[in-house]
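If you scroll down you'll find the structure; I have some questions about it.
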Amino acid sequence: MNQTATAPASESINSGLQPGADPMLPVPYIIQKTRRELRDTFTLELTPALNSDQPFHFAPGQFTMLYAFGYGEVPISISGDPANPGTLIHTIREVGAITRALGRLKRGASVGVRGPFGVGWPVTAAEGSDVVILAGGLGLAPLRPAIYQILAQRARYGNVCIYYGARSPADILFLQQLQRWRGRFDITVEVTVDRAPADWSGRVGVVTQLLTRASSQSGFDPVHTIALVCGPEVMMRFCASALNEQGVGDERIYLSVERNMKCALGFCGHCQFGPGFVCKDGPVYRLDQIKPLLTIREL
Amino acid sequence: MLTDAGYAVIGPQISDGAIVYEPLESAADLPQGWIDEQAGGHYRLQQNTRPALFDYVVGPHSWKRYLFPPRQRLWQAERNDQGFQINTDQPATPRYAFIGVRSCEIKAMQIQDRVFNNGHFADPGYQTRRENAFIVAVNCARPGGTCFCVSMDSGPKARQGFDLALTEILDDERHVFMVETGSDRGRDILAQLALTPADMTDINAASAVTQNAVKNMQKAMPDGVETLLKRNLEHPQWEAVAQRCLSCGNCTMVCPTCFCTTVEDSTDLSATVAERWRQWDSCFSVDFSYIHGGSIRREGYSRYRQWMTHKLAHWHDQFDSSGCVGCGRCVTWCPVGIDITEEARAIQDSEKEASA
Amino acid sequence: MKPEGLEHLLKEHPLFDQINPDYLAIIAGCAANERFNAGATIFREGSPADKFYLIRHGAVALEIHIPGREPLIIDTLHEGDILGWSWLVPPYQWFLDARAVQLCRMVSLDATCLRSKMENDHALGYELYRRFMPVAAKRLQAGRLQLIDMYAQPSERA
């Protein structure tokens, strides 16, 4: 690998909108399956209400605007497998009126979908590199499509490490999947929680500690690593510092930014983050492009 | 004549003590002989001795209220077996003719054009209204007390972006308009009028009109404001302005380029018909930056900073131009008279002091 | 195990990475090999902090006991980590409970022995403080991040 090569740009797939179609109109989708993941988190599997075999192509890290009839829309990252575009999968946390309304919907109910929007993770561009995935809380959901794609083409990557931090053992998202991945010989999976009851035999501590402890055991080669980070902004900030300490440069670190969003088209102005719009310049940013902004208060 | 050509004619007239843009029935509706006295937090109409039709400058309205309505139904949806059916029928959009558009306002429209067609997505309603709009510009004869268009390179003379442009020439001998054409549509309309070709005297007289506006303009935006603000995202002046700013959002409502919106979703009582409405929003509200659990911009300083740095600095990154046209509305209609040019100058002066 | 063998184990640990061999020999004089079975208590809150441990293998849970509640694990330590810094800070008492989660193999260092050597040789003292300070600081920083409860539902945040 050429060490002087600049790190790759993030990836996106243009919106699947028909040319000339009004980008502000939600398309009806039917819920094929709902799954309670955690106390406050659930997954919806969707297919289009009309043309039900119309594939929904997306790049890992992209999001849609999901509409609960009469309640409104929220930006939700896609958490499914990009190789299976027949089903559109979202994992959603109940944090407000709209997400709670989505959480009450049953199989067969309809939702509206616009998208996909935004720039995703540099999964293809990371081929040839070691990949470190740092996820916190629900932040594992937007990274799961990237994990699917990397594991499907495992041979194209160097070492692959997944480090996941959750609030408590009861808050570990995709637990069974993490266990399955952990059972593979070709990736490292470490999970830590912020606090745990005494019967927990796993790790306790913050996710940044996994990183510092891991690399001393040569989990990845910092100068040949692409790091994908997703979680609460404060967690991403400290993960970025920890990655820097390990020798991973800002131009090799990607993170996903969250802001208020009403349209996802660059019209509503809500998602501005310094010079850009999170809906079209993000949500995934390369750290060197936004680092100065992360420490400015209330930007 | 524009009415005959199928246009809904909108123009300046007096309402509630201000010049506003409303449907115009005849030239008699124009506020002839009125001028506006404007300063920070101050606007007053006065009867002038000159019987000019366009001696006032801009009021609280801008043309964006027609091209980008303050409240608009985006769609209606009705539940059915396949989930729901979206109905996008919009009331037929009139083809507007705007009379008395100032140079800064043309620039503001061109700025919003880039917002609502950003290369990825286009707002179809805006595109239609904008393409249909017939623009009759008027070159300014005097600056308002809060105008700074010269420093934003957006006036006072309209150079392009109009169908017709008028310069009002009013002296002891005559009261005439010099008219320039800017489009085929403009030429077609003009062809139906009996006109006298302008000679050099007329052209010089028209030029003197706008020169007068340039000469008397009192305010200016400091040079290099884009980089100045980007260097000073953290600066005590933001807190200083927050002490005065009421976060009322007036500046964003009167600004001819501010484009932020929110949406409102609702259903009927039986929850079978849902609607989405879009309405103007302001980055001065706390809710504007809300993400689950809290708002990003909780304090007044950060909301003022967002507005001003967006307008004057980050707009360049987003749309390749400043978002400010120097119309002065935000200064005039600020209840406490905060002056965007003075705030920029205060930051600039602090840098000068620091390096002195 | 002979001191030379312990010296070798110490040298392999990140805490003593590239340390002056003379110091290593002194430190090894205070070292011993220890082993704790899964579930064993290594130390208890309030008891004398007369040792610290370099974890060679296994996992240790640091727990805090709250009357009327289940014990809460607030940190776990693993291979390559250091267990215990209270031995450096008066009154030299453990602040938490430490329990072996798995079979643990560790090198312990006698605190009384080491403290007196550090007192006699301030250069050695400086060297050890210099190496311990980042460990303590990292753990404090991690604790502060845990404190903000960043993954909590907004309504549940402290």
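Just so it is clear, A, B and C label the chains in written order, and each chain counts residues from 1 on its own.
By our rule, a residue touches a chain if its C-beta (ideal position, glycine included) is under 8 Å from a C-beta of that chain, and two chains touch if they have at least 3 such contacts.
Please read all numbers here as calculations on a predicted model, not as lab measurements.
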When you take the mean of every protein CA atom shown, which chain's own CA mean is nearest to it? A
When A-B and A-C are ranked by contacting C-beta pairs, first place goes to A-B
CA centroid of chain B to CA centroid of chain C, Å: 66
Gap in Å, rounded to a whole number, between the CA centres of chain B and chain A: 39
Centre-to-centre distance between chain C and chain A (centres being mean Cα positions), rounded to whole Å: 36
Provide the list of chain B residues touching at least two other chains, using ranges where the numbers run on. 292-293
Multi-partner residues of chain C (at least 2 other chains): 153-154
Which positions in chain A touch two or more other chains at once? 95
Which residues of chain C touch chain A in the complex? 14, 59, 61-63, 70-76, 78-81, 99, 101-102, 138, 142, 145-146, 148-154
Quick check on the complex: what are the chain A residues that touch chain B? 15, 22-26, 28-30, 49-50, 67, 69-73, 95-96, 110-112, 258-260, 262-263, 265-270, 272, 274-277, 280, 296-299
Sort out for me which residues of chain C touch chain B in the complex. 153-155, 157
In their complex, what parts of chain B are in touch with chain C? 292-294
Under the touch definition given earlier, write down the residues of chain B that touch chain A in their complex. 74-75, 77, 79, 82-86, 88, 115-116, 118, 120-124, 233-234, 259-263, 265-267, 271, 274, 276, 281, 283, 288-293, 296-299, 301-302, 306, 310, 313-314, 317-318
